[in-house]
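Same chain, two partners: subunit A is paired with subunit B first, then with subunit C.
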Partner chain A sequence: MNILFLKFLFGVMFLTLVFLHLTKKNFLATVAYSIQSLVITIVLFNSFLETNNFYLLLVVFLSLVIKVIIAPIFFTNLIKKHALAFSVSTYFSTPLILIIISILTFIAYSDKFLPLTSIIPNNQALLSIALSVIFMSLFLIINRKGALSQIIGILSLENSILAFIIFAGLEQSPGLQIGVIFNMFIWIIIASVFISMIYKHFGTLNVTSMKNLKD
Partner chain B sequence: MTILIWIIQLFFVPVISPLIIGVIKKIKAKFQNRQGSSIFQFYKDLWKLMYKDEVVSKDASWIFLYAPFIIFTVTIAVGASIPLFASFLNGPTSDLLVIVYIMAISTFFLSLAGMDTGSAFGGFGSSREMTISALAEGGLIFSLLTVALVSSSTNVFIISGINILNHSQHLLSIMLAFIGFFIILLAETTRFPFDNPSTHLELTMIHEAMILEYSGKRLALMEWASANKLIIFIALGSNLFFPLGIAQNISWLALVIGIIVFLLKILFFSTIIAILESSVAKFRFFRLPDLLITSFILNVIAIVLIN
Partner chain C sequence: MELLFIIASFIGTALIIVLIKNRLVIELLSIGASFVAFISSVFIALKVSVFGIYTPLVFLSVDSLGSIIMLIIGLICLATTIYSVEYLRQETSKNIIGFTRVKQYFILLNLFLMSMFLAASANNPIFAWIFIEATTLSTAFLISFYNKPSSLEAAWKYLIINSIGLLLGFLGTLLYFTTTTNLGGNDFVSWQFLQDNAHNFDPMVAKIAFIFVLIGYGTKVGLVPMHTWKPDAYSKAPAPIGALLSGALLPVAFAVILKLKVITDIAVGPLFSHNLLIFFGVLSIAVAALIMFNAKNYKRLLAYSSIENAGVMAFGFGLGGLGVFAATLHMIYHSFVKVVLFLSSGNLLLRYNSDKIKNVKGALSVVPVTSVLFISGFLIVTGTPPFGIFLTKMQILSVGINTHPVASIIALFFMAIVFIGFLKHVTSMFFEEKQVDIEISDKHIWLIIPPLIFLVLVFGLSFYIPPFLYTLISDVAVKY
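After this line comes the complex of A and B, so read on.
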């Protein structure tokens, strides 16, 4: 696949993460995650085109079904069921979030991470973007108070790590990747059930409001 | 032939700009299941206003009287200084910082004119305009600086002639800078979600509040200048970030293609703006700085990513 197109895809992934930090609506966050997963699926498809490994095509198919379709549908149903339209709670204000995002990006591009981003020198630009997306996903998990946003942050972290390992030449066998996707599928179901139970018990998904968790 | 091209360049912005307003209004009307007015309605409105009597407050000073002429002239000057359909033209005012600050002159006089008559509406309109402009300026300069750094020139004609999309290593920077620029485009041209150009509600209006005291030909010039500003920003966005189809040499074929492609780009941007205005609500005023800071930070990231 053309390097320009791959850079465009990584750019889209970066922008979805920025959007996930800025959006105030859970539904839009779910759509952004779906777009991000689609980007990863296309990158995986690119790996299939390069290797012609049939099992990788299976990974692409599973990724498309579970990450792009099923997971967003699960989240959308949760949003509808519990009327979780808005998720505005963050620990930092918007300007501060943006400044932190820019600092994280600078760090990912800095010389400090050069040993990591230059594993394959030809892919250095892509690896730097992937690393900055990993940092931004971690920050999303830390910064958001809503459980649903945090779950999307974790899934987005998985996407960004996958993007990094593909271009760092650390890609695992298709069998293992299928196992990871299956694991994620189970995790999404369990997380959705947990979210429903948490909402039933506390009446909110804001983690700072769950004062009686130890009881 | 060069003189002829310069004449086309000079008149292109004021001639086409009312049409763009008409196209945006038409698309918005279609979204609202209305037939809407003709796409040439804005020309008729300008013609009508040019022949109407004016009412000028007795408290108005020379600023109120001359501001429409200054603002309109500024938009004509900037319109002639930026690449529209040809990249081989070059003028003394084609440096991006010169363009940004010439446009700041029009904002300055617009705000002064708003306050000049002492009306409460004009005062708060000017106050809001200066708040938005102050925050938008940094984002605008940084987004243009990104393309300047990628193309190693601050001359907008040279930037459009280089085609920055060929610099694939800077694709992410260009994408971020364009998103930042588009937010500024909406802010500077008083479109949604920053301002609603079709209402006169004191809670929402910014641009309309400042020109509320105007009537007749001065109002026509203010409205026309606003339309010119929209096409100037569309030209900057389309020709600096996507300089495809722009005429690179003096030949009739290249010029005709350049004009057609530029009109298509304008139509595309107008459609995007109309869709946006039909699908999003206007933001509360106190949320607007967040959006402008988002643009600024995106542009800062874009600049830093240029190694």
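After this line comes the complex of A and C, so read on.
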């Protein structure tokens, strides 16, 4: 696949993360996650084209079904079921979020992380973007007060780590990749059940309303 | 073959429980599966002590450290399953839970135990990661078992913090595969293969990778500052699950750190990983000691004790040499004594219906046997002579005082604080005047026997270590 196209895909991934930080609507966040997962699936498909390993095609298929289709459907159903159109607020204000995102991106491109981003020197630009997306995903989880946003943050973190390892040439055998995807699938189901339970018990997805463990 | 028995018995039991509605059959099957796992883990440990390694399949391999951990899981799983049967019956009789919950409990318990055995025996870091993540998934609903807002909050915290930690651990683990990419390595890569190619590892990448691993798996171990989920999860989960989380899961996660530490040490020398382990170890001891002093909940007290002991282990492993021997032995003692403490805390909870220290008064006259178990556990876990933990702590400190005197003195100081803090709570719970309205009772034998056996076991191991176990621990000291 053309390197420019891959850069474009990673640019899309980066923008979805910025969007996830800014959006106030849960449905739009779900769509952004779906797009991000689609990018990863395309990159995985690229690996299949390069290796012609048909087990990788199975990985691509599972990634498409679980991350691009099923997970967003789960989240959309949750949003509809509990009328969660708007996401819970963030700890930081929007201008501050943008400043922190810029700093995180700068750090990812800095010399400090050169050993990581130059694992494959030809992919340095892509690895730097992937690293900045990892940092931004971590920040998303920390900054969001909503349980659903935190879940999407963790899934984004998983996507960004996958993007990093693909371009660092650290892809595992398809068997192990299927194991990881299966794990994430179970994780999504469990996290969705927990969201329903949280809403049932607390009447909100705002995790700051959970204050039963202060002793 | 033994490992396959373990996996088959747990999977088979979990599947059968889904289909049946007879409580007695569910209980007997679960005990049976745990018994198979216990016997098999003993056979595996004996084999490893003779042959050095046990590899039934290419993706499953058990070395000396793995066999010790499997032995720990095997013993604890049998005790906690037997205890769980009576514990859940008591809770059912009090209308706290119904049959569906009991069924759920045993399905998840079997899956949790299987995941731990597979993580301990995985011959590939990613395979190990998958099963450690599976332990998170299988225990999340066990922590929210009572379906109360507080237990749900604890389970959510556990799920989120551990998932973030494990994803960072995943990234760190994958960075170790940079040593194999030039070798055309898209195939199954074993621990040994990674170790053999560790000299190809870029030192800077190795350092970053180990930091991610220590943060990632350190979250599961409960090292400070990644420990925040631990007191909540331990205090809200049923008592036998607390025993498993503290006694069995902690060593499983620690083993992965140690295996990756060996690879890091080859690439960058041992100083880097040792300093990090010593730093996080002493920090964990200090923070746990300070919080324990003002604990208000006895199950949280036990959780902080686990954090302190994880710190002692990290400190010991960080010192290397004889410190590793002592830390491995400490791991065994700690796991066994935590079974005594968590199961006796379960008995206290059943009698007093409260996990608050202020609500438990005069326990020595209300539940005398349980009290003796808990007090003995307290004396052992805080390192009172002549028990084993006293010897391992002293051994670690005597190694440390030569190489890291400041860290050793800080550790010793906070270990003393732990004893004083724990003693304060034990005095308040067991020796003060009992409430007049509480019934004096310690009558359920199956709530007493499992912790009692572990008390005898830890007492016996304090004075005599079987030759096969000594061989295994010595081998760990050489390899790690």
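Note that the second predicted complex is superposed on the first by the 211 of 215 C-alpha atoms of A that agree within 3 Å, B and C clash if a C-alpha of one lies under 4 Å from a C-alpha of the other, contacts with A are read in each partner's own complex, and residues count from 1 in each chain.
Here, a residue touches a chain if its C-beta (ideal position, glycine included) is under 8 Å from a C-beta of that chain, and two chains touch if they have at least 3 such contacts.
Note that the structure is a prediction, hence the values are computed from the model and not measured.
Once chain A of one complex is fitted onto chain A of the other, the partner contacts of A:I129 are limited to subunit B, with no touch recorded for subunit C. The wider contact with subunit A, measured as residues touched, comes from C rather than the other of subunit B and subunit C.
Contact with subunit B, but none with subunit C, is seen for A:K7 once the two complexes are overlaid on the shared chain.
When both complexes are overlaid on chain A, the residue A:Y109 reaches subunit B alone and has no touch with subunit C. Once the two complexes are overlaid on the shared chain, A:N52 sits clear of subunit B and of subunit C alike. In the superposed model, A:I99 lies in contact with subunit B only, and not with subunit C. Taken together, the two structures place no residue of subunit A in contact with subunit B in one case and with subunit C in the other.
Residues 124, 126-127, 129-130, 133-134, 137, 140-141, 144, 147-150, 152-157, 159-160, 163-164, 167, 170-171, 174-175, 177-178, 181, 186-188, 202, 204-205, 208, 232, 236, 296-297, 300, 356 of subunit C touch subunit A in their complex. Those residues of subunit B that touch subunit A in the shared complex are 168-169, 171-172, 175-176, 179, 289-290, 293-294, 297-298, 300-301, 304-305, 307.
The part of subunit A that touches subunit B in the complex is made up of residues 3-4, 7-8, 10-11, 14-15, 18, 22, 94-95, 98-99, 101-102, 105-106, 109, 125, 129.
By the touch criterion given at the top, residues 51, 113, 115-116, 119, 134, 138, 141, 147, 150, 154, 157-158, 161, 164-165, 168-173, 175-176, 179-180, 183, 186-187, 190-191, 194, 197-198, 201-202, 207, 210, 212-213, 215 of subunit A touch subunit C in their complex.
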